[in-house]
Structure formats: C-alpha cells, structure tokens
Amino acid sequence: MPTNPVIALLTDFGLEDPFVGIMRGVIAKLAPQTRIIDITHAIPQGDIQRAAVQLWMARPYFPSGTVFLTVVDPGVGTARKAIITRDDKYTYIGPDNGIFSYIADESSTAWELSNPKYQLAQSSATFHGRDIFAPAAAHAAIGVPAADFGLPVGDIIRLQKPNLQIHSDRIIGETIYVDHFGNLLTSLGKFIKSSEQGYKFEPWLAVNDEFTNGFEIQTARATLLLPDGVILNWVETFAEIPDGDCGILVGSTGLIEIAALNQSAHELTNLSLGDPVTLFF
Amino acid sequence: MPTNPVIALLTDFGLEDPFVGIMRGVIAKLAPQTRIIDITHAIPQGDIQRAAVQLWMARPYFPSGTVFLTVVDPGVGTARKAIITRDDKYTYIGPDNGIFSYIADESSTAWELSNPKYQLAQSSATFHGRDIFAPAAAHAAIGVPAADFGLPVGDIIRLQKPNLQIHSDRIIGETIYVDHFGNLLTSLGKFIKSSEQGYKFEPWLAVNDEFTNGFEIQTARATLLLPDGVILNWVETFAEIPDGDCGILVGSTGLIEIAALNQSAHELTNLSLGDPVTLFF
Amino acid sequence: MPTNPVIALLTDFGLEDPFVGIMRGVIAKLAPQTRIIDITHAIPQGDIQRAAVQLWMARPYFPSGTVFLTVVDPGVGTARKAIITRDDKYTYIGPDNGIFSYIADESSTAWELSNPKYQLAQSSATFHGRDIFAPAAAHAAIGVPAADFGLPVGDIIRLQKPNLQIHSDRIIGETIYVDHFGNLLTSLGKFIKSSEQGYKFEPWLAVNDEFTNGFEIQTARATLLLPDGVILNWVETFAEIPDGDCGILVGSTGLIEIAALNQSAHELTNLSLGDPVTLFF
C-alpha cells in the first residue's frame, strides 16, 4: 500500500454546491494521509457513458494503488447497488450502473458496499457520495480489503460497447466523446506510431478473431468518411489542418479524433455522439 | 492541534482569475503542512446568504480543527470588520457581514483581524482574501490563538433567519437554496428517519417553546403546499417521483427538498428563494 | 530544495475533461511529495497574453521553489519549443510562445525540454501537458537541474509589452485584463501608497530614463480619461464609487483598475482590451 494513496474523484456534482467539498471533508477526516485528485465534476447530470469514457482515459496516468471514486448516480436511493471492484493496480468505487464498463474486464469481481462499519452513521437517501462512497474510498485507500465491504456481486452492469468493425480495407466506428476544445473522439483505435508514415492498429475493444492482433496501416492515403459524405484527411498535428477545415489525427488516447485548428470540430461537422464514421486506408 | 490541519475555502471569486490560487499560494508559504479543501468558489458575487447556508451544510463533515476561510465580501476596504471566531471544534475566518449567521451561536466570541503581524506586509484595499484572510487562516491553522489576532468584537452581524413556524398539524417555512440539480431546499427540518413511515422532526432553528423538542410525524399523508396551490407528495427517493412531476423528500441536510426525477424542480415549480411553503402532516 | 515543493498549474484545458486530472496523476506518480495548486484552467483557448498576465499576478505569492507549469499551447505538436527557465526563486515550464513574457527578464536562460528521460515513454502529438510538461515539472520539483532537460535556447519568444508612456503631468497606458467581477486592469502602475492622499509611482515596465525611478503623485485631483471622453475619479475603495458609475483605484496588483460597485465596469464602460487610457494627475 502506498504511503500517501491517491483518491481520484469523478462526479456530475458540479462545483457550485458544497457537495464535492463535503466528500473531501469526509475523506480528510477518515484518511488524512490520502491525496485527492479531481478528474472532473462536470459530467452532465446522469451521463454514465461520458463518465465511463473519462475514467478509461484518465486511469493509465494515475499511480498504482489509486482508488477511483466515481459518482454519477441517477439511481441514488433505489435498489441499484453500490460497489467496489479491483484490478491488479487500482480500486474502483461507485454505483453499479455501467460506470465501470470501459475499465472492468468480464472476469472482474465486485463486492457490494453494504457493511455499515464503513459508512457514515446516518445515511441519507440522496447523497450516497457523502454517506457511502466517500467513506468506502477512504477505507479502501488505507487498506480495508474489498471483500470486507460486503458480499460479492455477480455480473456488474455494462453499457453497450461502441461500434468497432474491422475489414481489410476499412474500419467502421462511431463518435464517442467531445472535449472542451470541440475535438470529437471516435471509437477507431488504438493507433501507435510505428514509422514515419505508419501506425500499428491495435483494437482497444473486442473484435472478430481475424483482426485481434491488429495490423499496420499507412497514413498517407488514410481518410475518414463522415455520414454526410464529407471526407477528412489524416494529419499528424493540429497545425497541419487548413483553416476552417477539419482533419483526423491520433489523439492522446490513441483513438482517432476529428479536429480543427483553433476551432471546434464538433461545431464545424455538426456530428452527434454515436454517429458512424469509417476509416479507409 | 491536528498534524495536517485542514483549511476549507468558500468564496465568490470564481475560477477564471488567479485569486484562489494566490490565496492557496499564501497559505502554502505560511503553513505548508495544511491541507486546503475547496467548498466552492462559485457563490454569486456578494451573495452572503448563499455562502452562509453552504457553510452550514458543509461544516459537520470536516475534521475537527478545520479552519473555515470564507470570503464573500462586498464591503472589502470599508469599515466592515475582518474577524475570527471559534467553537469547540472549528475556527471561522471572514468578513463580519452575516456570513457566519448559520453556524455561530448567540454567545460566540469573535476577534478582529487587526494584528499586522498576521497580515501580508503591504495590504491592498481590494483583496483582503490574499492580504488579511488567507494569512490569518494559515496562522490559525498552525496554532495562533484567536485572541492574538486583535480585540474582541461585540455582537457579530447576523442575517435574518429563515421562517420556521410550527403548529400541531403543519409547519410553515420557505425555500432557502437551489442546488446544481435544481433541487430546492426549504427551511423545513430537520427530519431524522425513525421508522418505516415515520420521521422525528427536530427544529434546526429556534422556535416557540412548545415545539422545541420536536415530535414524530407520519409521512404517508404528509404533503407540501406551494404558494400557487400545487400540492406535492412525500417520497423517500428521487426514483419515486413521477416523470415531469415534483415531490418532496428529506435531503442530505435533513431539510425537506422539492425535487424532480432527472429534471430541475426549480424550473418545474418556478419558485423563487424566500417563497413560503407549508408542510401538512 | 523545499521538502514539499509546490507545482502551480495554469492552463486553458477547462475542467470538463480529464486533462487536468491526468496531469495531476502524472505528477503524483513521479513526485508524490509535491503539492499542486491551480492558478486557473479557464484561460480562453490559446489566449497566451491572458495567461502571461495571470502568471505575473500570481507569482509573488507562491513559496520559493515553486515550479510554475503553464500550458496554453495552440502550437502543440509543431516546431515550437517546450522549455524550462528559472530565476533566483522559481522555475517555469511551458511552451516557448510568449507565455513567460511578463516574468522572464531579458537575460533569462532557457533550456529545451528534449531529454526523453524526463518525458513519458510514448509522447502524443496533441497532449504535451501530459507527456512532456507535467513530467518535466515533477522532475524539476524534485531537483533535476534545468540544464539536464536539454540544450540552452537562445532568445525566448516575447509578446509585445503593453503601452506605458510617462509624461510630467500624465501617464498613458491601456487596458490589459478583465477579471471575474468585471474590473478592468490597466497597464498604469505600479502605485504604492505613501501617504494619506499620495502614492509612489514605480513603473513596472521599462520606460524612458527620465522616469525610471518614478515619482510621487497626489490622488485628490487624479483622473482617468477614457477613449470616449469619459473621465473617472480616483477612489480608495469600491464602496466610494457612486451606484451605476465607474471609478479608478489601485488594485491588488498595484496597477490602476477601472471598477464599479457590485457591477461590471467592463460592461458599464464597454472598453475592450488594448484600449488607451490616460491618467492625469
């Protein structure tokens, strides 16, 4: 266990209310030695899919032993379970509503957060972030084993994975995320640079056996077809995109992004999340 | 004194400017061992009442020894006093403008922050958060006694308390706060669950002697009357509220909230802060 | 080297995405003993000048040894250099695009961040904040000398300094910054209070030799002329400004600000950044 374990917070609570500060207060009381890092609190209310993607994006950059405390919980107070799950590096705490879809593999075990010993004395029906999840994160960070929180949960709830269909000359995917700058992440990837003009494609989602191991592509002639027939060219950096146009590049996640130069590609393309895109190469 | 005392920040400075970072820098310089936790910096400019409510909401969840540093200060640079006050668990630092109304009891002693030893060398007329309040919080956190900051202040300024009138069949209150999700907190409370269908009512504000000790209510027939004649039913969780409707439930503060399911009750009811509401039971 | 060195963050990443949290995760992994303080993440996309002013405003209030990590980087992925520079108290890390204009003097040495030893293993073309700048800040904070990061850079890029023309009866400047409250900072300053009605003027930017040492001014008759002919009076605090009017006062930076009482001077005056203003005294 690390000396100063990290707890990483991801919620849809916003920053106008005292809610995030209260969760931090609860943690500071129970586990003063922890370091708390915000991933974001600006998830749109109840947008589990966006939270799941952000957790997947952020996770690899956190220290081993980090406890991810993710509370996007439209079902608070209902029968939906509060859970803890783990992998070999990290611990995850949140509602069982699909928020861990992108990071938990099929064999993950989860436990219910039902042990009152690790909850605040008076639990409300509306703020489990404060009463159940934050205390669980504090206790997990200081070494309480996952199995002490409650009984094992069978299958956890999973969101439908984004589309990723691979063919010998093209990959079909969809838009999955828009960032602050208006860049549109797609499900196409991951791509890892392997030569001046080449990338190794390594599927980040389960795909048909033939393509599990991926393959090399050349970027010189790679293009992305949008649903309205527009075709975008592959670039290496934002600066190569002509003013007012969009291009595609491999973003910081290894997935292909639709981007523009100092403009919002989201506004320029008018694409919605879930719209199909096809990479030809 | 705790080893790593917490300083909790609550301001109307917003996050676009360097102001909050500067206060953190001042604290890090004077008291590097402190842990700083934001309650919020998104109080609307000069909204002392909202800041006072948030401080009351957040306080119980912070570790003993926490210094609350609250700067919503429309009178900065005028004759309004800068003060420090305490109770048996916490220290409070801010302008004497009513911001401590909900947390300081009538017998609280306060001291003026006038000792130049605990201020920055060159104090501005516009940023006491940096020059007076942050240094005071840092010094208080590392053990400077409140009385060392200056002379005792007589009565501190108090906002008018919200309405809470208790009768044998109904409680009259008002709306006092809207949160990020559009939930409307009322002054009706506190309610503590005591049985499947029952709550203990314990007044959180001073009320007439007859009802000081509160009483039990049954929720099955409890309803809230809004000023426009609409009647809302009592529910236990958000999920019980019919789509497009509002209901009332006991929120995380123990006060009754007007809420909707994945919608803003504030928008649905069109209520303003201070509007009267009556709980029949 | 301080025991718990501070890393101060200043970016245009916003708080909706996981980007800032990822940078914090990278730092927590490489240098767990550091303390991270946000200056702001709300710089408008690519607004290097605003970032440069904020860095200048915040710097004096941070502990000696602080590493300022500033990432407003519209040229990410292009040939623009990533650099580290230092002065006798602080270290600065960011893109070489003018962001250090207000804090680095002409003789500052900078080094390129090119040593792969201090970068993440797989660097993206779009998120140098994560791959290059955050790891550099972590390593600098724990004692890696600036010269170990790469070769010295000749002149760093500098923005044009704001206008500051001094005459015996007036000082001509311009508006340089608008804050959250709508106060307009001008380039006129610094002014340090020296008597009841007097201030010492000490130029914060290089000016003609005659006035390098500044002079005393009396505020009773000092006024500010705006481009539209409006004349504003000097006040000592916000509270002296008549309702609905604007006034000028010495702000927390020592520069003259155009301000209003509980209103936005920016909206009332309709001034833009870079508009000329003249102080008569």
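Note that the chains are named A, B and C in the order they appear, and that numbering of residues resets to 1 at the start of each chain.
What we mean here is this: contacts are C-beta pairs under 8 Å (C-beta built on N, C-alpha and C of every residue); 3 or more make two chains touch, one makes a residue touch a chain.
From a predicted model like this one, the values you see are computed outputs, not experimental measurements.
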item	value
Interface residue overlap between copies subunit A and subunit B, same or different (over half shared)	different
Rotation angle (°) superposing Cα atoms of subunit B on subunit C, nearest 5	120
Distance between the centres, which are taken as Cα means, of subunit B and subunit A, whole angstrom	33
Residue numbers of subunit A (touch at least two other chains)	15
Complex interface listing, subunit A residues touching subunit B	13-22, 24-26, 28-29, 32, 45-46, 74-78, 122, 124-127, 130-131
Footprint of subunit B on subunit C - complex, ascending	2-4, 6, 8, 10, 15, 35, 37-42, 54, 57-58, 61-63, 66, 179-181, 192, 236-239, 249-252, 257, 259, 262
